[in-house]
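Here it is, the structure, as C-alpha cells.
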Amino acid sequence: MSTQTETESGKGYAAAADILADLGTSQGEREELYKWFHQHPELSLAENETSQRIVDTLSGYGLSPKRVGDTGVVAVIANGEGPVVAMRADIDALPVREASGKDYASTATAKDASGESVPVAHACGHDVHIVSLLGACQAMAAHTDAWSGTFVAVFQPAEETAEGADALVAAGIADEIPTPDVYFGQHVLSFLPGGHVGTQVGPSFSTSERIRVTVHGHGTHGAMAYLGVDPVVLASSIVMRLQTIVSREIDSAQQASVTVGALRAGSRANIIADSAELLIDTRAYSTDVQKQIREAIERIVRAECAASNSPKEPEFEYYEHYPITDNDADATGRVHAAFDAYFGDESGELGRVPASEDFSIVPDSMGVPYTYWGLGGFADTSRAVGNHDPAFAPDLWPTLDRGAEAIVVAACAWLA
Amino acid sequence: MSTQTETESGKGYAAAADILADLGTSQGEREELYKWFHQHPELSLAENETSQRIVDTLSGYGLSPKRVGDTGVVAVIANGEGPVVAMRADIDALPVREASGKDYASTATAKDASGESVPVAHACGHDVHIVSLLGACQAMAAHTDAWSGTFVAVFQPAEETAEGADALVAAGIADEIPTPDVYFGQHVLSFLPGGHVGTQVGPSFSTSERIRVTVHGHGTHGAMAYLGVDPVVLASSIVMRLQTIVSREIDSAQQASVTVGALRAGSRANIIADSAELLIDTRAYSTDVQKQIREAIERIVRAECAASNSPKEPEFEYYEHYPITDNDADATGRVHAAFDAYFGDESGELGRVPASEDFSIVPDSMGVPYTYWGLGGFADTSRAVGNHDPAFAPDLWPTLDRGAEAIVVAACAWLA
Amino acid sequence: MSTQTETESGKGYAAAADILADLGTSQGEREELYKWFHQHPELSLAENETSQRIVDTLSGYGLSPKRVGDTGVVAVIANGEGPVVAMRADIDALPVREASGKDYASTATAKDASGESVPVAHACGHDVHIVSLLGACQAMAAHTDAWSGTFVAVFQPAEETAEGADALVAAGIADEIPTPDVYFGQHVLSFLPGGHVGTQVGPSFSTSERIRVTVHGHGTHGAMAYLGVDPVVLASSIVMRLQTIVSREIDSAQQASVTVGALRAGSRANIIADSAELLIDTRAYSTDVQKQIREAIERIVRAECAASNSPKEPEFEYYEHYPITDNDADATGRVHAAFDAYFGDESGELGRVPASEDFSIVPDSMGVPYTYWGLGGFADTSRAVGNHDPAFAPDLWPTLDRGAEAIVVAACAWLA
Amino acid sequence: MSTQTETESGKGYAAAADILADLGTSQGEREELYKWFHQHPELSLAENETSQRIVDTLSGYGLSPKRVGDTGVVAVIANGEGPVVAMRADIDALPVREASGKDYASTATAKDASGESVPVAHACGHDVHIVSLLGACQAMAAHTDAWSGTFVAVFQPAEETAEGADALVAAGIADEIPTPDVYFGQHVLSFLPGGHVGTQVGPSFSTSERIRVTVHGHGTHGAMAYLGVDPVVLASSIVMRLQTIVSREIDSAQQASVTVGALRAGSRANIIADSAELLIDTRAYSTDVQKQIREAIERIVRAECAASNSPKEPEFEYYEHYPITDNDADATGRVHAAFDAYFGDESGELGRVPASEDFSIVPDSMGVPYTYWGLGGFADTSRAVGNHDPAFAPDLWPTLDRGAEAIVVAACAWLA
C-alpha cells in the first residue's frame, strides 16, 4: 500500500535537467536581485516597489506579467498542449529590525497601520521565494523546447497577515490565469538541512484561529473582594483549565496547540477590575480538531465564568483565521518521486510544521489540488534561528539555486 | 453604648464567696475523681461507667440525679424562689492513644463502631468539665443558705460526634428539668492562660458542615485520556477553586473556613478512574455565611464539572452538622461582669474559637438564652498542645478549682 | 478585665457641653465653608487654595496658624496648664468626576502628574474633616474658660497618596507644635449610621503594601511553546496559588487580604511573551501578619517560577506602603467613654475597617499614643455608596455638627 | 529518499505462497486450540497449563520445544543455510471477568498475588498470538522445502506485568536459541480493520513509567489550616501544574502523555492530613522525551512543595517501567514490502500506538533488530471495544489465518 503514485520520473528528470543545465550562468543576476529585495522589504499589502521590480524582471525575461489586485502579480508561460502548473511565491516582509549581521541586512523602515515608523525586514525569507520563482520563470521561458503545457507564476502579497490569498481571490485571479492542474508553494525553513527539500502528504501546516475572549468580573476596592467578582482570578483559572484541552481532551496523535498569548486585566494593585481579556491562538491539523478545540475553549470559559459567579456572559471574537494546508496525496507523491530522483539524499519528508499559511486559499477557491514543500536554508541547522527571528537570514547558496530547481523539477513531473 | 448589662455584682460576689469558701477541702476528693474519669474514658454514647460514677457521686452529695436517655444525667437543686440556672458538662472521650506522659494517663481501649479495638482517652478535657460541674454541685448543695432559686446540672453524652445534645432533646430533657432562665457551658482550652476564664458575646464557636462531594469522570486507559474525562484533574480544579471562597467571596471579618480534608480518586497510575470523592468541612460564625459557603461550593463544583464535560451531575451529601454557638449578649455580659469582679485580671475576652459544639442545641430547643465560656488549662500556653492532640492533658491545678468556681460565680449572678 | 479606663466623664461632659452650647449659631458659616471646600477640591500636595482658606479662617478665629511644608497647616491654642491634645484633618481630594447630584457638586479639574487635565472631587469626605476641625477650633477658641491645656489642629495634605504624613514629619512638625499627649483623627464613613461615632481599640485600619512582581518566561512562537517558557501560565499559577495565603496560611481571626489587582502579559495571541507583571495589594491588621504575607508571596512566586523553569529570578518592587492604624487602648477607652456619655446610643464600636491610612505616621514619629474614630455620614446607610465612589457626598447635617462635637468631646476627656 | 529497502519480493512471495497453500486444512484444529487457550487463561508467570499445551502441540508438529524459565517456551526449526528469524508470542491473560457474550467465553478464576480468587480472561488477545505462532510453526515445519535458514518461535510469559521478557533474558534465552537476524512480534488490535496488518517504522509503542509520588503536608484541625500545611491543596496544585508538561513543554510532534491515575489524601473532612500520594503514568516515544517528562515532574513536584512550605522533601518511587518499541527501519521496510506484495490493500501503516510492550527487551538484550506489527481483529472496528475491555474477543476468522500468514510472509522476506 504505497501513498506515492509512480510517475514517469525518467521523462521529468530529463526535462528538468535540460531546463536547469545553464542555471549557474544567472547566479550573479539572482544574487543581485535577492539583495535588492532583501534591502527593500515592504509590509503586507504595501509591496509596491517589490511588485514593480517583479513585473520589470519578468518583462525582462520576455514575459507579460499582469497585476492582480494592487500588489499581486501573475505571469503565464503558455507552451503548447499539456497540463497547467501554477507556483506561488509570497512577497511581503515583517515589522522586524534585522539583526542578521549580513552586510546586505535591511535598514528599511515604513509606516505601520497606526502611522508609526517601524523597521522592516524579510525575516521570514519571502525574498528567497521571490527570487526562486523568478529564476524558475527565467529557466522555463528560456527552454520551452524541453517541456510542453502551461507554467503559471503567482506572486502573492500579504501572507503574514492572512490577507493576501483572499485578496487574490477577491481580485479575480481565477479569471486571470488558466485553471491549474496543480498548485505549488514552498517555504524556506531553518530546521531542514541547507539545500534539502521536504514534502509531506496531508496536513502539513496547521490551522490557526485567534480568539479574543473577554470575561466579566465586578469591580470593587482591592481590600473588599467579597463585594465584587475578581476577573484576575477568573482569567487565571481559565488559563490553567485551558491547558487540559491539549493534555487531556485531544488525541496526542493530532498535535494540537492552545496558547494564551496575552492576558490583560486591571491597572492598579488596590482596585479589582471589571473585566479581563485573553488573546488565544489555537492550532490543529484538521478542521475536526480545530472545532473540538473551539468548543472546548467556549465550554471551559463559560464554566469558569459560572464558577466565579460572573455577572455577564463572556464574549468571543474570532479575529484571525488561517486554513489548514492539507497537501494532496497524489500531487505530493508525484513531486516527492521527482525530488527523490533529482535530489537523491537531499529529498526527504517535511513532517508537520507548527506554523500556518494562507497558501491553500487560492487553490481551494478553484477546486485545485495542491502541495507545499519545505526548502532548507542553513548549512548548520543547529545554529539557525527560526523564521521571524530578527537574526533570520538564509545562506545565499545553494538556497537560491535549490529554490529554483525544486520548482522546475516539480513542474516537469507534469510538463515533461 | 455598652454591651454589658450592669449586674448586682456586689450580691453575686458575696454569695459566690460564701459558697466557695471551703472549696479547698475537697481538692483531694476531686483529684481522685478526675484521675478516675481520666483513666476510664468512654467513647460517645457508650459512657456507661462514666454516667454511673456521676450518678453515684451526685447521690453521695445528697442529690437525686436522673438519667436522660442512656448515658445522660441531670441533677436539679431546687432551693426556693428565684431564677433557674442550668450548667452543662459533656462527658465523652476520643479514640486517641494518650501520649501525655502523665502517670495517670489513660491506657483504656474500646470497640469502635466497626467492632475494632481502639485506644480511648479524654484528649479533649471533658473529664475536667465533669469534675468541675460535680465540684460546683457539691458546693451549691452544701451552701443553700447563700443562694436561692434552682441550679440544674446537665451531664451530656456524645459531644464529639454531634449526637449527644440531640439525644438529650429526643429523650425529653425539657420534661426532666425546669425550664432554665439561662444555660451555661464551658470548655477547657489550651490557648487561654492557665486558670483564666474568657467570655465572648455573640458567635463564639463556629458552625461546621461536612459534605461528601462525588464528581463523575469517564474512565479510560491512562494513555488515552482523550477517550474519557479525567476525574483527578476535575477534583484538583475544584480544590483550587474552592480556595477562592474564603480568599475572595467571604468578608474576612466573618472568619470562615473551607477545608477539603480528603480527596480520593483512582487506584492505578495507568487507569483513568470514573469518579472522585471530596470530603469538605466548612466553618462559619453565622448561618448566612454558612449558607453563602454552601451555595458557593455547589456553584463551583457544578461549574467545574461543566468545564470538564463531566457526563453526570455531581452529588452532594451533607452528613454532619454542628450549629453555631451564638452567646446571648445580656447573659454573657452578666457572666463577664461577675467574672471580672471575682477573678480580676484572670477574666478576659475569649474571642472566636475555630471549633464547633453541639452545646446550643439543648437551650435552643427550649428557647433559652445561653453563654459558653472558655477555661485556661495550661500555665505555659506556649508549650500546650491543642485539644484532641494525643499529648493533651491540662494542669490539675488551678484548673479543677477554677472550673468549679466559674460555674458558681456565673450562677450566683442570677441566684444571689 | 476591662479594656476601657474609667475617665472623669463628669468633668469632661460638662466642659464639652459648655464649649458646644452655641455651636448652632455657626451652622450657616460652616455650611458655606463646607460648600466652598467641596467646590474647590485639590489633588494631593497641590492643596494651595485649600490651605490658604484654612489659614484665613483660623486667623479669623483669632488664631495664629503656621504652614508646615507647602500645604500643611497647624494651629496651636495654648490655654494654660494641662495636657496637649492634637487633632488631625486630612485635606486633599481625588481625581474623580463627582456624580452625587448635589447642587454644590464639584466641577473642578486639575492637571495630574502627567500633565493631563482630570476632574477632581472630595469623593472621600476630607472636606467634612476640614470643616469639623475648623468648627472645633472656633468653639475651643471661643470658650477657653471651659477648659485648660493645649489644643493643636493639624491639617495634613496628601493622605490619598500616602505622602502627606511623611511630608509633615519631613517638614519638622515636631518642632512646630508641642508634643501631644494624644493624637486624634476621624473619618466620615458610609457604613456607620448618620451622626454616629465609632471607636475601635487596637488595629482599626489595615496596613497596605503594594508590590510589583515581574516574572520571566522565555518568548517564542505561539505554536511552539516547547521552545520557550510561557509567562501567562506562570502568572496564572501564581494567582491561583496566592489565594491559598488567605484560605490556608493566615489565621482567619487576623482578617488579611491578598489581591492581584492587575495582571499583564503579552500582546498578541500567537506570540509567547518574555515576562508577566502582577500588581499585588496586601492588607493586614498587624505587622507580623503583613510580614507573613510578604514572605508567603515571595515564597510562592519563587516556587512557581521554579515550577515553570523560569530562566531568571522574579523581581519584587514594593512601591506603596501604608502603616497599620493601631489605636491605643487607653486613649481609645477614654474617648469611647466620653462618647458614650455625650452621644449615648449614637456612640458604638467601629470594628476593623478594610481600608488604610497614613494618619499614624505623625504620632508614631513622636512616640505619641493615638486613636482614630469613625463618623457616620448618611442617614440611610443602605443607600450610601462607599468612599471614593463618584456619587459619594455625605449628608450636611448632622454630619458637620457631629464631626466638630466629636473632636471637642474627645479633647475634653483630657482638657476638662 | 525512501525509508523502505527494496526486497526480493518475488522470491519471498512465492515461498510464502507455497508454505501457506494448505493453511485452510488446519482451520478446525486451530479453532479448537484457540478455544482451549481462550477457556484456560492464566495469570502472568502462572502460565502452566498454557505452556504445557504449547509444548505438546509443538511436539505434535515434530518439533523439539524447550522451556526457558518456568513458563517460557522456544522452538527452533533449523532448515539449512540462511538467516535466523525469530517470532515472539506472549501467552498470559488478565484478571478480568469476560463479558464478550461468546459461547466460548472464559469462566476461569485464579488466585492473585494476595491469594484472592479473581476471574481470568484473555482480554488482550494473547490467545490469538499463541495460535497464530503455532499455525506458523506447523506450516513452516511442513514445508521446509520452500525456505531455508532457521525459524525460531518464542512463547513469552508475563507481558502484562512487564516481567516476562526480563524473565526470558534472566533464564538465558540467548543460550537456548541461535542469535536471530531479526526478531518479530505482533498484536491483535481493535482499531485496525479485521484481517489487516499494519507496520510502523521507528517508535511504535510508547515507553511507560509509573511513579508513586508522596508529598508531605503538616496535619492539623480542619478549622485551623494556618497551623499546618494542607496536602490536598498541594497535591491539587501539582495535578494542575503537571498538565503543562504536555500542553507547554513537550513538542506536540512527540506525542507524550502524563496521567495522574490516582490521588489519595486524608480520610476525614475535618482533619487536614499529613501527606498525599499521587500515582503517575507517563508515556513517550523516545527515551529523551521520557527523561524530559521525568525531570519536569520532579521539578514541578519539588517546586509545588516549596510553594506550600512543605516540611519534608517529596518522595519519588519509580515502580513500573516499559521500554520503547522502536522498530528497525530496514527490517520494518522489508516486512512492509512483503505485506504489501502479499496482502495488497490489507497492508498499511500502523501509526503510533498509545500502549506499551516489553517485547523489545529480548532483542535489545541480544543487539538484534526487531519489528512489531499490528493485526486487525474485528470486521466492524466502529463497534469493537479496546484491548483489556471485558467484552474484548476478536473475530475468529480471518484473524487466526491472518495472524499465521503474517508471520510466514514476514519470515519469508528473509528465509526465501
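For reference, chains read A, B, C and D in written order, and residue numbers begin at 1 within each chain.
The rule we apply is simple: contacts are C-beta pairs under 8 Å (C-beta built on N, C-alpha and C of every residue); 3 or more make two chains touch, one makes a residue touch a chain.
Since we're looking at a predicted model, the values are computed, not measured.
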Centroid-based (C-alpha) most distant chain relative to chain C: D
Chain pair, A-B or A-C, that carries the greater number of C-beta contacts: A-C
Gap in Å, rounded to a whole number, between the CA centres of chain C and chain B: 41
Chain A and chain B: spacing of chain centres that average the CA atoms, whole Å: 71
Whole-Å gap between the CA centroids of chain A and chain C: 58
Where chain A touches two or more other chains, by residue: 224-225, 230, 233, 237, 240, 243-244, 247-248, 252, 257, 354
Chain A partner contacts - residues on chain B that touch it in the complex: 224-226, 230, 233, 237, 240-241, 244, 247-252, 296, 299-300, 302-304, 306-309
Contact footprint of chain D on chain A as seen in their complex: 1-2, 240, 243-248, 252-253, 255-258, 340, 344-349, 351-352, 354
Chain C to chain A touching residues, read off their complex: 206, 208, 210-212, 221-225, 227, 230, 232-233, 235-237, 239-240, 243, 257, 259-273, 276, 279-281, 283, 320, 354-356, 386, 388
